[in-house]
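Take a look at the structures listed below.
Both complexes shown next keep subunit A, but they swap its partner, so subunit B is in the first and subunit C is in the second.
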Partner chain A sequence: MSRFSLFLLPAIGFALAGCRGWQSALDAQGPQASELAWLFWIFTWVLGAIWLAVMIALAAALLRSPASRPDPLLVNPAQDRRYAAVVASLAVATGVVVLVLTGLSVVSQRNLFRVEEEAVTIRVTGRQWWWEIRYEEADASRSFTTANEIHLPVGKPVKIILNSADVIHSFWVPSLMGKQDLIKGQENDIRLVADRPGIYRGQCAEFCGLQHAHMGILAVAESQQDFERWRDAQIRPAEPPGDPERQKGQAAFLTQPCIMCHSVRGTPAGGKVAPDLTHVGSRKYLAAGTLPMSRGNLAAWIVDPHGIKPGVNMPTIKLQPDDLNAIASYLEGLK
Partner chain B sequence: MSALARLLLLVLLAFAGCQREERSFRADPVATESIEKVALVPLSPGPSGPVTDTSGKGKEYENNAYHLAQGKTLYKWMNCNGCHANGGGGSGPALIDDLWIYGGSIENIVQTIREGRPNGMPSFRGKIPDDQIWQIAGFVRSMSGNVPKDAAPGRDDALHPRPAENRTPEFPPVSGGAPPPR
Partner chain C sequence: MSDALARRDERDLRDTMVDGSELHARLAKTWGTGRGLIAALSTVDHKIVARRYLVTAFVFLFLGGLSAAAMRIQLARPENQFIGPDLYNQLFTMHGTTMMFLFAVPVMEAVGIYLVPLMLGTRNIAFPRLNAFSYWVFLFGGLFLWVAFILNIGPDVGWFAYTPLSGPQYSPGKRTDVWAQMITFTEIAALATAVEFIVTILKQRAPGMTLDRIPLFVWAILVTSFVIVFAMPAVMVASTMLILDRLIGTHFFNPSEGGDSLLWQHLFWFFGHPEVYIIFLPAAGMVSSIVVAFARRPALGYLPLVLSLIAVGFLSFGLWVHHMFTTGLPQLGAAFFTANSMLIAIPNGIQIFCWIATLWGGKPVFRTPLLFVLGFFFIFVLGGLSGIMLASVPIDTQVHDTYFVVAHFHYVLIGGAVFPLLGAVYYWFPKITGRMMSERLGRWNFWLAFIGFNLAFFPMHLLGLQGMPRRVYTYQPEMGWGTLNLLATIGSVILLISFVLFLWNVVSSNRRGEIAGDNPWDAGTLEWATSSPPPPQNFDRIPLVTSREPLWAERGPLPVVGGLAVDMRQVVVGTVTEARPILRESSPEPSIWPLFAAIAVGGTFLGSIFTPWAVVWGSIPVAITLIGWFWPSGSPEDEK
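Up next is the complex of A and B:
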């Protein structure tokens, strides 16, 4: 084995490893993503085969011995006709390939945006740099707001309405669906289905400012019962804290600047410009997919948000250390 | 000077365009409120005006496009427009005119937000972090054209009820005005 292939083989291995995982368009987990992955592979194989054929023809032409090349000034009508036929048929073949691939794209596009009666409607509003999630129900008492994490029942069509509160963002959970922009003043919607239970990561796919890279979203696909259980829990207001430390935390939370922007349903905190914290402890990540949820990370985030996500709209506030521990404990307990 | 030298000089001058405004995202985590000795009125006994002593923090916030733009966002988020509307005033006084009941310097406005004023202005001390109060105060100054035009926010995406802050003519503060009747 040459040294080059020794280097190349692991490189290909690593590249293929990138096709699996919780954030990959090639690891399709729903019909929409499968449609896209199928289109990707068709294009890759067809165009790869054409590229290979062209390269082989080019190499053959270059490697022919000079003696076998005809004198360019020699007129040979029979050969010229043959060449013309070859060029014409290749031109027609190119046209056919382009038309067929265009046709496949159009069919895919239709399948991708086919309208099905949705089981769940989720309104996702992009904000610098997090996602406001609102589950909309005809019964207003069953609508609720959360952030950065969507749950969907497996096998049910989900309608996602996309909008922005500031700049243009793009919603992209590669394992479930292609990208769609969130534009202020315009509602876009997409429909997607998750075939298998699992946790799929998404990412803002339109540069939206300083912390664009730290604007992740989690899509949790689960069985209908698990989904209903989760939704019922999210609809409930936050439970009043039982132990003294968390009571102290709630008291501190309600007197600190937190309440200017955040809301916790069931308390006077009703801010509307930052993530809803009613059930923050039940989420898997903090700060739009930046930190795993834990008491330590909550405290770190409150103490120094700009050390973790410079430029974020969460301000540095002045807290007493006791209050910090109590607030972190209070928030962690908001399950 | 040869043509080449002139060209070189031009290129060097163009590099000056790479200078970017300093943006401090992270407020000092331990700093406490700066002490601003301000006067609410221009009147004082004797021939000299009132004695004031400011920390100089105001200049930093008034001349910085990032702080002013953040101030514009916070003005809505902290519900300043709930009473002052888009600056034209509602249950609170207008902010786009030149009349200032409690002084129109950025330090005065910071004090007004921190401490509140009689007849309805709430005190936001401990509710809005201090650096954000400065950002809002800087933006409030820009509403009457009292900040540099190149730093003031540009037009909104939505319909604007008045010229954008960077197109607002300058109205130097004048002592006066009255709280709206209750």
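Up next is the complex of A and C:
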């Protein structure tokens, strides 16, 4: 028995550690994630108890000390019939447990995928290796595109439409909802609600090539007021830079190959294959959850994207040092 | 030679006419493999082929294990620079592909190829040349993959190779072609052995071995073989469609041209889930053998155990969609597969209960094989139960494609297949080599493997719940996954050490182990009735079976049947249900052609990576070698 207890102690410690962390499935921050965590714990306790019972039965079988068996064929038929009856009733019990768990699972599935009238619709398109995000409104002038960070109003149902421009990705913000794949040629959707303001991290969960590891996404849940303020700011085109350093940066940006791929609304930069940079400075992370947003990290990223994210589609562009600083400063100011 | 004998026709010498050592020597000459390289390459002896299979599969186990160790070192701390994403992706693809296609399935077949004819009391497997061919195909397929890896064209899209990532647009170059053709090619070997097993088990059992006297291990192999026959074609069709997409511009999986990338997943998992049971069922057979031998009593619930094997075989085809719960399938359809996936817990549970009841009703003898089986219970039951969690659609949406799943299937596959396999090696090693493995090293081996395994894989459940996805080559420090990953790496190193110890035990025991004798464990099934290692003919006389454990029922010499030719290769063929002998069938002589045929087929597949014309030109050498293989050789019977 000692090995069982030896094993169980650290297991309990780990289990508690499993609840924390900002990308944890058990750190539920919305009704969907809570439903999932609840179901997870029910299953864990029921199945854990079964495992323990099986181990105890096994230990009991081993610790009995019957007489040695010189003739292995000598069995007691009455005893065997009793054992067979126990096995049969355990098989029935297994059936009952399986039935109950299936029932719980199906009910929970219905709750999870219940359709409610959404307050916000977000279209997320997976790309190697970042997320294109489009807030869709009936009024087309209030629709806008951003990348790698979604904002949602607390308490409001959000519909997320999922699609891919290339390979299969999977959208997963564990604190809010389970994952759902983004597949080219079909449209999936999930619905979720955030209960509390906070920043919840997510990550692509389907292997999608070289930089699958660096394909993070942030979900920022905030009050309706903050959300509206953020949305209004995002809808506006970029403001022209005020100070000379940033003006120089914009000029450099617009004359470099950057604009072949990136857009900054309000400028001639209109590339569509890389993240929209109109308000890049307002985002908390850079390169799909890879580097915290700062002028230094922007410069580091522009100088050597392949050192940070080997295989990324962004090419290395030779820039003069003061152009580089100016561009970093310009982008950082795109709030 | 006696006068009476001399008067007979030499060519029709029957085993009723000679006796003792002369019979033994004559049969050994008839069934033996000659000396020299050509003879070695031509052999059709199931035991020699199986030994090669075993050694090759274990070499692939070590290669797969080393690639896992490299990945664990990379993941030991956040943003580690040990391995870059390109090599990492190749490594996890090689690890998965090697373990599934080049280790787990072949090694189970290898044990079956060695033991099934012995357990059935016959002299060779059915279609022995096909058996030799299957080994060469397996060997070439494995070499093909690993040589490609060394040349830096190792596949890098995962052992599951999801389209469109594995399609021509997102994986240019030869890497995925190597993977696709290697899969199609090596699965030929699996299909060939499956056919051999089915025919051997249904037709070549010793007289008197009715269906309800077949050893449980053989039942497991029979069910597995049927699963292989129905599952493997799905992946071969899929990998062929993939290579067509890549090579000649078809669009099966290309959504832009009316194809469907989810079709790949359906085809792949229609094979992929039964695959798990192709690996697990033989292991369940090994557990049955070991439990019965070391509990020292017949299996409690032979019939339920057999029916459970069959039920698992059937149900394994109704589970594949639980790999696809997050792809946006209709909710009701997904729920159906939840129910189906959970259902398989019932037959698996029955097996576990029967084994425990057998141990309960017996007198367990604690030797290394039983230790590994006890480790199997501890680990496999936990893995099976976490599998029930994965069967639930809602829970699956959280843990799918995370380290929770990595933990789950390593608990199922290492716990459910590798632990029984190691137990089986300790158990049957004396039969194969004639020597016992060291018990002391065996215990060290077991405890290091058990502790190392749990330390390596238990933390992964928690990593998955903390949000760590699978197949990431690194992670950021702020994720907080560093400690558990370090622990997992330490565990994997201990696990690796246990395997080195195992290897050392095998090598040293093979040279210096204690001499085993025919039946060192006092077990009851027929493989223990012959010498260790068995002679080329397996048995001098074919035993007559009267019970499930013939060696327990007959403490003296076994009753035998006579009448088989001595100077020609003959096996007894019987009826399917009752094994009533109906005819003496000749068994093929050694031949070099299976090797040539495997080279021709292998060359065709290799060439097809570069040009579709290889299939056309390759058919010529394939045809020539097959003509050579099947050329009527004028068997002694025909000449009479």
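Methods note: the second predicted complex is superposed on the first by the 300 of 335 C-alpha atoms of A that agree within 3 Å, B and C clash if a C-alpha of one lies under 4 Å from a C-alpha of the other, contacts with A are read in each partner's own complex, and residues count from 1 in each chain.
Operating definition for what follows: a contact is a pair of C-beta atoms (placed from the backbone, for glycine too) under 8 Å apart; a residue touches a chain by one contact, two chains touch by 3 or more.
A quick note: this is a predicted structure, and the numbers were derived from the prediction, not measured.
Applying the stated clash criterion after superposition on subunit A shows that subunit B and subunit C collide. By the document's definition of touching, of the two partners only subunit B reaches A:273; subunit C does not. Within the superposed three-chain arrangement, the count of touched residues of subunit A is higher for C, of the candidates subunit B and subunit C. Of the two partner chains placed around the shared chain by superposition, subunit C is the only one that A:178 touches, whereas subunit B remains out of contact.
Contacts of A:87 after superposition: subunit C is touched, whereas subunit B is not reached. In the superposition on chain A, A:240 contacts neither subunit B nor subunit C.
Judged by the touch definition given at the top, the superposed model places A:315 against subunit B, while subunit C stays out of reach.
Legend: residue contacts after superposition of the two complexes on their common chain; A:61 is shown touching subunit C, with no touch to subunit B.
Shared-chain residue A:260: touches subunit B; no touch with subunit C. The clash between subunit B and subunit C in the overlaid arrangement falls on one stretch of those listed (27-35, 45-53, 81-89 or 153-161), that is 153-161. Residue overlap on subunit A between the subunit B contacts of one complex and the subunit C contacts of the other covers 184-185, 310-311. Remark: subunit A residues 184-185, 255-257, 259-261, 273, 303-304, 306-307, 310-313, 315-318 touch subunit B in the complex.
Listed in rising order, the residues of subunit A touching subunit C in the complex are 3, 7, 11, 14-15, 17-18, 20-21, 23-26, 35-36, 39-40, 43-44, 47-48, 50-51, 54-55, 57-58, 60-62, 64, 66-69, 71-73, 75, 79-80, 83-84, 86-87, 90-91, 94-95, 98, 101-102, 104-106, 108-110, 112-113, 128, 162, 166-168, 170, 172, 174, 177-181, 183-186, 188, 201, 203-213, 290, 310-311.
Contacts from subunit C toward subunit A in the complex involve residues 84-86, 89, 157-158, 162, 164-165, 169-170, 255-256, 260-262, 296-298, 300-301, 304, 326-328, 331, 334-335, 338-339, 342-343, 345-346, 349-350, 352-354, 356-357, 359-364, 374, 377-378, 381-382, 385-386, 388-389, 391-402, 450, 454, 458-459, 461-462, 464-476, 479-480, 484, 522, 524, 547, 549, 552-553.
Every residue of subunit B that touches subunit A in the complex is listed here, in rising order: 23, 25-27, 29-30, 32, 73, 77-78, 126-129, 131-132, 157-158.
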